[in-house]
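In what comes next, chain A is part of two complexes: it sits with chain B in the first one and with chain C in the second one.
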Partner chain A sequence: MTRSVRRMTGWIVMTAVGLPFGPLILWSFSERWFFPGLWPQAWGLRAWTYIASTAGMQVMAAIGHSVVVAAVTAAIAVAIGLPAGRALGLYTFKGKDLVSVILTLPIIVPPLCVAMGLHLWFIRLGLAETYAGVIGVHLTFCLPYAIFVLWGVFSNYNPEFEAQARSLGASRLAVITRVMLPMILPGLSVAALFAFLLSWSQYLSTLIIGGGRVTTLPVLLFALMGSGDRPVAAAVSLVFVAPAFVALLFSARYVGTRSLTGVH
Partner chain B sequence: MGDLRIEKLAIDYGARAVIQGLDLDVHDGEMVSLLGPSGAGKTTILKAVAGLLEPSGGNILIDGHSVRGVPPEKRNAVMVFQKPLLFPFMNVSQNIGFGLRMRGQAGGETARHVDHILALTRLEGLSRRKVHELSGGQQQRVALARALVLKPSILLLDEPLSNLDATLRQRMRELIQTIQSETRMTMLFVTHDQSEALMLSHRVALLLDGRLRQVGAPRQLFHHPADPEVARFFGGKNFFQGHIQNGMYHSDFGVFAVGPQDGNGHLRTATIRPEDIRIVPRRAESSGGLAGRIVKTNFEGSATRIVVACSAGELVVLTSQDGFLPGQEVEVTVPPDKLRLFPDA
Partner chain C sequence: MDSPSRPDGDARTRRGPDAGGLVLLLLPALAVVWVLFGGGLALGLVQALGYLPVAGLGELSWGHFARVLTDPDFIRSLLLTFYIAGTSTSIAAGISILTALLLASLVERSRVIHFMFQVPLTVPHLVIAVAAVFMLAPAGLFSRAAVALGWIQTSADFPLLINDTWGVGIILTYVWKEVPFITMMILAVLRQSGNALLDVGRTLKASPWQRFRYITLPTIFPAVGAASLIVFAYTFGAFEVPFLLGRTYPMTLPVWAYKNYSDIDLLARPEGIATGIVIALVVMLAVVLAQMLTKAARKRGVIL
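Coming up: the complex of A and B.
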């Protein structure tokens, strides 16, 4: 790609990503903004002061819940996805195609169905309206993604590195911590990031399984939107996308496409 | 001390037996080449010695002790793979120091050993380089250094030069030879390249179809192959069928005086190396050789390979003279003293 083409692609991507954010930012700083106006009629910090002070505790608590749920979900997804992706990427075994079909199911089937279906089970298991239940339902979406990413990573992974390390004196454990993990770190980060963001943005499943008791940021966001206060909803939305934005910048900078193909 | 003994080794992948009843001794300070065509099972044998693969039978002894059940990291045998396999997240000296760190050696001491090996493998000045900033030859030297620094009883080298170009390969061979004679490290060197094996090693072990066909000094294998297949592996092309009668070998290509032999009247196979056959253009008066016509010539630089059709069959001749042409009438002579008679089949 020539430089000008690359620059143009950059601008297109920036615009596509940035377009929805413009109005959000304007909304969050507006006091009054009626339809025909291209611009808010009155500016102000009301929305931001509201979420910082009046609703501050609520927002902070919701961020806390979201972070905990997303972090635990991502950790579990990676912890299970790593051995699963390794098995799928490195070995051939009977039923491998079946596994890949089963893994795509939660991605294809609408989340509503998955959540509704699981709800009945979770009530019986006492998982409804609990953190564990919410993390459980998030995992049904996050785990397949994590497995798919790590499957790709291990398809391009050369296990001879591990044999070489063993011969050079590394124990089984040292091979995992000193060779495998550093080698797949970029891909592993992507898998964790995907899982985290996917869990972070779950609304419907959280609401159904959490029953309104587990108030993550999206749950609060929808509640605020329902109240019809546009500027506040816009401000909360911006808080909500902040981690995704940071993650996007991080992944563009550090991982790129190389991470998905592993290291040779 | 660095002594390797392989006894009745058998290895199979699933139901397929790759190695059967293999015996091989590598003595202290010796450089032995394990030579064989692709797929013969050379890598498989090295992996078994390194502990990366469980044999299905037989025994492996390192320094006189059986290593059955000993994990690779506890064996005093280090394997260098066909590909350099340098850890991409470490620089050159971190790669070389990897094994020492795994042994829990102190940082200062590790650095000292690494510096010494860097000098030995002519890698000074590259210690801080990232591995992807190295040339193929440099990468291969780092891989070698990473194993050498551990001073193992046995160094197992799996075709470490096969990915290099001809000039670089020659330089690396000389480097390995120098290092071997300086350190007296016991080495088992795997290659499919016969000239590499002949040049580098004290002894050559030829592996064909999962069995060792002949083990011996390079000259012995080259000049006195144990059977026709060994001869073929070393470039043997001319095989005669005949029988012995009172010190004479009666073959389809003529009668040759081979001295007293056992087994009068038995059918025996014989071979002659292409470079041992003499070839001259045919003249009016015969010099007592076999008459033939040139079928094909292949110019190979320092020599020309010529296929000659005689009445008894085709002979391949290698000559340093140039100027022979296809279709030309020639006379070839087989010196009886260069004829190698194989034992009774």
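Coming up: the complex of A and C.
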């Protein structure tokens, strides 16, 4: 393979990956952009100021809904997933394959199926159209995902350090907070970030369980696409995509080049 | 969407906690998954079998499934969904093989390229679908560029790529999302298999094509197959992209399921859920096939 071919492929990859973001950025800063102009006829910050203004309260509210749902979902997923990830990463035991299958299915089966089934039950329990209900349905796939990340974290973890700390007189709590948590912190953060991201990106299950009352960012974005205000839709899209880049930069910084395949 | 491939490969068999301790560690997580995911599917199945909350538990029957499976609209949706998932997966697999071979060394060395490859994996589908509208619609950027280049006069001359018969916009969006995933899986295999076999091929005077056809391709085939099946499963059950970029008729299966589910006619609801269960079954089948492929490859000694 010659160097120039390789370099060209590199540029093609960069262009292909960057391509969709171009129109989003252009539209979000355009004031007037009629067909067939290749470039906006007038630039401006209308879309961005709209988002921050009171007229655009719904946008800020949607960001708030999304942050609360995703943050709580990620926190619960990591809290419950941590012990499970530890058990799976450190020990071999009977039935481990079965546990693995049980945890793989919710990641693969579309949340559509689960949400439709849960809906009726959640109405009975008073969980429909509430944060708790939406978080519940998001947990069905965020929790298994967090467990898989933590499983990987703990299979590279050496528990001998805990034994040492204990032999030096550390209490059980101190072993957890002073030894285990600091050691797994980067991996733990990645698990939390990507659980957050999975929940953040979720549209249909939120719509079914939230019933239009929990208007997260994707729910609003669909409404905006219907209304035809392209600059605002573009700006909201860019806000919607921001956490993905934060997560990527973070994991590139702290996990090095370990691949993140599996996030969708 | 997939299980990161078996991180426990070298889980040292150490004196762990007793069975009770393990159960304590695993139970909360498994309970939540069992109750919410298993419960959700089970409740869906019961409703699809005809349990109506207002009427109480009546006769359970396969009636809704039978009505769904014999509905001509269902068949059309099923075919469209297979077409979209199959086409986008095949195109993505082809591009991925090419990219993986061309970029194998570059991805290792260049952090920027590596980073760029991760971008499509994390970006939500919906954002790319929105960008696809901005680019591919009749008044989108590509159409404007065609006018600027003098290829077409008005937006009406631009081919329909959104809400179109062939789902071009949907397929392009999925290809963009899927290529990095499949490429990453291929690169992982290439990294582990090394160059020894290729060197043997070279000493035996195999041409570049022969080396690709008889050494590289058999090595990466299981990875391509498994990754493609997972990606197929995902696209088969995904909702946002066809909902935004698809036509109103025929719809893909997930869109059709949701349309029935949210119908004002409450009788359509169990049929929507039944469709959802059919989707879940197809998806699970694809994943089981992917696992079998991986297992068979491992037996043959191909590292995956």
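Here is the rule we go by: the second predicted complex is superposed on the first by the 229 of 264 C-alpha atoms of A that agree within 3 Å, B and C clash if a C-alpha of one lies under 4 Å from a C-alpha of the other, contacts with A are read in each partner's own complex, and residues count from 1 in each chain.
Following the convention adopted for this analysis, contacts are C-beta pairs under 8 Å (C-beta built on N, C-alpha and C of every residue); 3 or more make two chains touch, one makes a residue touch a chain.
All of these numbers come straight from a predicted model, not from anything done at the bench.
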Partner chain in contact with A:222 - chain B first, chain C second, else both or neither: second
Partner chain(s) touched by A:179 [first = chain B, second = chain C, both, neither]: first
First (chain B), second (chain C), both or neither touched by A:188: neither
Chain B versus chain C as contact partner of A:161, first or second or both or neither: first
Partner chain in contact with A:74 - chain B first, chain C second, else both or neither: neither
Winner by number of chain A residues touched, once chain B and chain C are compared: C
Partner chain in contact with A:170 - chain B first, chain C second, else both or neither: first
Common ground on chain A, meaning residues reached by chain C in one complex and by chain B in the other: 263-264
Touching residues on chain A, where the partner in the complex is chain C: 1, 5-6, 9-10, 13-14, 16-24, 27, 35-38, 80-81, 83-84, 86-93, 96, 99-100, 102-110, 112-118, 120-121, 124, 136-137, 139-141, 143-144, 147-149, 151-152, 155, 159, 194, 197, 200-201, 203-204, 208, 218, 221-222, 225, 230, 233-234, 237, 240-241, 244-245, 247-248, 252, 257, 259-264
Chain B residues within the chain A interface of the complex: 47, 50-52, 71-73, 77-79, 81, 83, 85, 87-89, 98-99, 102-103, 146-147, 150
Of all residues in chain C, those that touch chain A in their complex: 1-4, 7-11, 13-14, 16-17, 19, 22, 24-26, 28-30, 32-34, 36-37, 39-45, 47, 53, 99, 102-103, 105-106, 110-128, 130-135, 139-141, 143-145, 147-148, 155, 176-177, 181, 184-185, 188, 230, 233-234, 237-240, 243-244, 254, 257-258, 261, 272-273, 276-277, 279-280, 283-284, 287
Contact footprint of chain B on chain A as seen in their complex: 158, 160-161, 163-172, 174, 178-179, 182-183, 185, 263-264
